[in-house]
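Please go over the structures that come below.
You will see chain A twice below: alongside chain B first, and alongside chain C after that.
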Partner chain A sequence: MTRVVVTGLGMVSAAGTGVPAAWSKLADGTTALNPISKFDGALYDRTVAGEANHLARTDGGDRCEQLLELAADELIADSGWDDALMVDAGVVLGTCQGSIARAEQIHRKYARRPQEAATDDDKARFAAYRPGAGTTWLAEHLGAGGPRATVGMVCVSSSVALCHAVDLVQRGACRRVVAGGFEEFSQFVFTGFHCIGATATGGLRPFDEERDGTVLGEGAVLMTLETLEDAQARGATIYAEIAGGGFAADAFHMTAPDPEGGGLERAIRQAFSEAGVGPADIDAISAHGTGTAFNDGMECKAFARIFKEVADADRMPPISGVKSVFGHTLGAAGALDATMSILALRDQLFPPTVALETSIQPTWDFVPGGSKPADRPIDVVLSTNSAFGGNNSALILRRVDAS
Partner chain B sequence: MTDDRIFVTGVGAGTPFGLGVDALLDGMLAGESRVVALAEPHGSLAPGYGGEVTLKARDLRSLPNSRDMRPGTMTRYTFLSTLALGSAMAEGEIPWDDGDGALRRGFYVASYTNSDRFDKYVRFAHHVIDKDADGKPVIVDERVPTAIRKFSGFEFLKLMNNMPTAHGGIQGRCQGPCNTFLGSPSGGLQAIGRAKLAIQDGLADTMYAGGVGSSIHPQMMMVRATRKLESSSDVAPDQAGRPFDQDATGIVPGEAGGCIVLERASTATARGANARAELAGYGEWFTPPSVNRGVPPTPAGPVRAMRRALERAGLEAKDVDVVFAHGESNNDLDRIEALALAETLGPRSADVPVVSMTAHVGSTEAAVGPLNAALAVRVLETGKVPGALNRGNPLPEYKGPNGAAPMDIDAKVALVSVTTREGIAAAVVLRKIE
Partner chain C sequence: MTRLFLTGAGAVTHAGLGLDALASAMGGEASFASETPIPDGPAHAVGRIGRLDDPDCASSYKRWGQLDTYSRYGFVAARLAMEDAGIDADTAGRDRIGVMLGTAFGCMEENQRFDRYGVAADGTLKGASPLLFKGTVDNAPAGWIAVAWKLKGPNATYVSGAGSGLEALWGAEGVLRKNRAPALLVGGVERIVDLHLLLREADPARHGATMSEGAGLVLVEREDSLTRRGGRARAELLGVARTRGTYADARAAALTQFGLEPESVSDRFHGLPEGGLKSTLGESHGAWGGIALCAALAYLNHDGSWEGRHHALVHAFGEGDEHFFAALKTVEE
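Here is the complex of A and B:
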């Protein structure tokens, strides 16, 4: 099987523009969540979000394109891909709702004045309405002429997109792919989460007894993927190998996850199988950790069953819930979690679960507070995500020099 | 990876002709168009006609494992997707209640978007937003609790783009790989191609693969109107959809869901399934994108997609007996597609029938590929090929037959192709099982 590696990273998040800004916040155990600025959160009795407040919103501009462009700038500089390499590169992105705020603007206008002719400005907004438009925009922006796909699987969108991208390279559909995800913070999505009782009253506290919901964020997270052979041939920096991926459905309920985590367990086992690893090989876990009662409980049940198989039953790898720092970036979450896992491999740090006080699994190590230097080599990380509708994903990220 | 062949054991559809692929094929063989004047005009934004699906909740509930499904919790996209999936499950006699069999089943579906009811949220915003003395918008505190009560969480969740997969996964009892592809009319064929790979990679034994389109709602109508892609309203509705015809004036709104059931040959054989055709090959190709501006400059993309599909099927252009094409009814894109067909089929272009359903049901977005694949399966079974409706003045680039009368042919190989303005071309090859 062709080995596919990550050779470049780029991201924008509530922590700022750039991977170093995000990693610094996470490693320090400092949350990047900030007061809601896009609308008055107090009206929902909610105060914080993971907005990229360091970026001014341009009037009429597309927030998703703004996020993607900045992430792409860093990605290209980091990867060293030039125009010649980009020309046949694929672009595979995940998103939950795409440029939803533009659609929000359009409909506010048309709901009031349905007979009014569309302006030129409207056309640009309409064009961005389709969730898949971000992928096309990025491909054009980068000059990437290879395979393109947009995965719309809510919170597992970008992790499934990474699986799809790896598959394209392994099958020879293209030699390299830009993959990841994007999401903008919008009142529409916030309202939806609020209506279903999923928003936290305060911070996002994954795996805490007192957790009471999630905090929505925004961001764009991109990676360059290519074959190990190509990366070595051009002397590229190799961050990690995406050694395996899996995704599986619960078929349990339209919105609630299988409370036993059956789908997540199957996704993890599929990723194990693809990577040729088992529970004993996993050195760290990046969990979805939304801070909701259902999700975190379900995840723990799945992890408990899987890692029970390890000979030393107490050897549950440290588990990180990075959404406590960045918020839940929905369509970008899988790629963001994977990026933090890759940096954990690079710097040999267990990323923290910030704001954790009373763990729902007291004997497990959720790395509360700040990051923790590895007391043993971190060679393989499991990164998991789950979504409304019962969709689950898992990625196995491995240090190349450890394989 | 296994070497097993992939059989199609069921096809399903929800179209303006009703439930099931036979209803669609019968209507097309009869030369009917279901593009009609819509009961509710959509302001000044649309031509006022389209191919509308009139199926109801009771139609869905008549399908396997669908009795408890609630269309009230679905958008139009999701509803159409579940109709198509249920219809395919019924024809395939899928043993959906087979316990652990669910672990080996998956569902891939394609859709432009799933947000046809977004207007409700705008009404929410309108409910809570007012203007202050300076005319600036402000949120009125006391209205928020009322607005929140009016909006159940399910109204929001309906709009998540994975909801066709989520509902379909429950309906079809799929606990294997499930995915939603967004953004292009070729997405439905991409879903089929990826589903084939999922079986060949050993991730599943049975995959449902489909696509859904719903362009008769304000959102998509506004998009097309502003991009000036809609058909003119100066022609009769049943004359509006004109694939590969010089007199075409633009895209005709339509809606539909299409789905096929793919099974590993050994699985299908073991359960005594009716193997209706073999999914022999899949190909895709990408032209560098130009965001919403025009169409691909050359036919190279669709040509490569079709050739790749044929190559993977171990076939050549000379083996193709019938083609199912997109035929968007927009001259710019239809010219490119016609050139691609002529280049791919070569000297046989003049003889190979080219079927397009656009004249019959309008543009069905991401459903077009799976619907055409489903039609192709039926044509391979019956040998009955619909005529070319509304193609009396073909584009010079179009070299195929354009007779309106249906044909009887001994079709053994069908080529299904979707060419898109997004520059994503996809094709599948279906072969008759002798």
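Here is the complex of A and C:
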């Protein structure tokens, strides 16, 4: 099977523009969560979000395009891809709601004054709101002439997008792909999460006994993927191999996860099988860790079954929940978590779970506080995500020189 | 390489439910409705289904009433495909089946409703309802189908424009060849809202055709699974090609990939706006690929071949200048 590797990274998040800004915040154990600015949080009795507040919002501009453009700038510089390499590159992105903010005003206007909702501006805004519009925009912005695909699976969107991108390369549909995810912070999604009781009263505290919900964020996270052979031939920096991926359904409930984590376990075992690894090969875990009671509890049950033998042997891999730093970026979350896992492989650091005080699994190491230097080589990382609709995904990221 | 078969199909279109309705529509006149989305505004033709009530689903699934219209299209198509394939609660390994769907516009109707009621004009949240919110995800149909039938296999939703249904089939082919599931429900779902008619008049993705809504799902099954349960194959799926350029160039490249001679293949199930099925079935965007697969099977039911040929190409436009071609082959008894 063709091996597919990551040769470039680019991102924007609440921590700032650029991968170094994000990694620095995470490694230091400092949260980037900040006061809600896009709307009045008092309506919800909530104050905190993971907005990219360092970027001014432009009147009439598309927030998703703004985020994607900045992430793409860094990605291209980091990967070394030139126009010749880009010309047949694919683009595969994941998003939950795309440019939903473009539609919010039209929806409300149409509901109240339908005869006024057909201006040329409305037509242009509505066209940019289609779920796949961000992918089209990025492909045209980059001059990427290969296959384009978008995954719409809420919080697993970009991790499944990475699986799809790997598939495109391995099955010969193209030789290289820009893949990742994006999400803008919107009142629409915030209202939805709030009405199901999923928003936190304060910070985001994954795997903490006192956790009470998630904090929504925003961002764009991109990677360049290509074959190992191509990357080596052009002398590229190779961050990691995407060695395996899996996705599976809970088939339990539309908004609540299977409390036993059955779908997540199936996704992880698929990814293990594809990568040819087992629980004992995993050196670190990046968990979804939304800070909700249901999600974090479900994840622990799945991990407990899968890693029982290594845990019994006192070799349970450290688990990181990075959303306490960036917020939950929904459609970008899978790619963001994978990027932090890749940097853990590069720098041999276990990323922390910031704001953790009382762990729900006291015998496991969630790396509370700040990052921790590896006490053994970090060669293989498992990164997991779960979503509404009962979806689960898993990625296996591996250091190339370790395989 | 394992062989893959289409073993069940379910279609929901403005022509009705099931393959027979689809077959009738293929041989008849276009019957589009005329709607005026704004008072005194221009009329728009549309292949409309509307709110779908299905007594079989209503009686067999207690949460049927919670399903939004977009999800209902996919859900009913799934019921028809599962029944057509002979999959029921007693089928061994049913829980390993997965669902992979495509849609261009997804949950836009529920988004519109949630925006209308979620944050009310007076700025309060009195209308923000968890029941409404659960429909505001593009993967709602795939989720409902998995929950209702306890299908725990791979589950994915692509929102890649008009090619989404065949994008899902392309992804499903990879999943099945890796033996990640014995079978997958695959296809596309689309729900058209008034705002589409109002604001997408000039959208190039319409390709000049009349907009329509609906769903088309097929059960794609590995040969070992089909043999094990003693099921019936309707057609063989040779594969899905993604090629580029003009339709003619992309088709030629696809035929080369499949090793097929042009004269041995029926092109009746193409996604071009004129001279094909879209003149009667409309442009159903992300649902098109799935509906076209169902149309190919409906045609095969009726005639035993595709215009005397034993191969058919089902085509959909992808994003950019990409095309999807699914190659089907008749099955010898």
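List of remarks:
Note that the second predicted complex is superposed on the first by the 398 of 403 C-alpha atoms of A that agree within 3 Å, B and C clash if a C-alpha of one lies under 4 Å from a C-alpha of the other, contacts with A are read in each partner's own complex, and residues count from 1 in each chain.
Please note the rule applied: contacts are C-beta pairs under 8 Å (C-beta built on N, C-alpha and C of every residue); 3 or more make two chains touch, one makes a residue touch a chain.
These numbers were taken from a predicted model, which means no experiment stands behind them.
On the superposed chain A, the positions of chain B and chain C overlap enough to count as a clash.
Contact with both chain B and chain C is seen for A:263 once the two complexes are overlaid on the shared chain.
Of the two partner chains, both chain B and chain C are touched by A:44. Legend: residue contacts after superposition of the two complexes on their common chain; A:153 is shown touching both chain B and chain C. When the two complexes are overlaid on their common chain A, residue A:194 makes contact with chain B and with chain C alike. By the touch criterion defined above, A:137 reaches chain B but does not reach chain C.
Touched by chain B in one complex and by chain C in the other are residues 43-44, 95-97, 100, 103-104, 106-108, 110-112, 114-115, 117-118, 122-123, 126-127, 130-132, 135-136, 139, 145, 147-154, 160, 164, 167, 171, 173, 187-188, 191-192, 194-196, 247-255, 262-263, 266, 270, 387-391 of chain A.
On chain B, the positions that touch chain A within their shared complex are 43-45, 73, 102-103, 106-107, 111-115, 118-119, 121-126, 128, 139, 141, 144, 148, 151-157, 159-163, 165-167, 169-170, 172-184, 190, 194, 197, 203, 218-219, 222-223, 225-227, 284, 286-292, 422-424. Interface residues of chain A facing chain B in the complex, by the touch rule stated above, are 39-40, 43-44, 90, 95-98, 100, 103-104, 106-108, 110-112, 114-115, 117-118, 122-123, 126-127, 129-133, 135-137, 139-140, 143-154, 160, 164, 167, 171, 173, 187-189, 191-198, 247-255, 262-263, 266, 270, 387-391. The touching residues of chain C, when paired with chain A in their complex, are 37-41, 95, 98-99, 103-106, 108, 111-112, 114-116, 118-119, 121, 123-125, 128-130, 133-134, 136-140, 142-144, 146-147, 149-161, 164, 167, 171, 174, 178, 180, 194-195, 198-203, 242, 244, 318-320, 322. Across the complex, chain C is touched by residues 43-44, 95-97, 100, 103-104, 106-108, 110-112, 114-115, 117-118, 122-123, 126-127, 130-132, 135-136, 139, 145, 147-154, 160, 164, 167, 171, 173, 187-188, 191-192, 194-196, 246-255, 262-263, 266, 270, 274, 387-391 of chain A.
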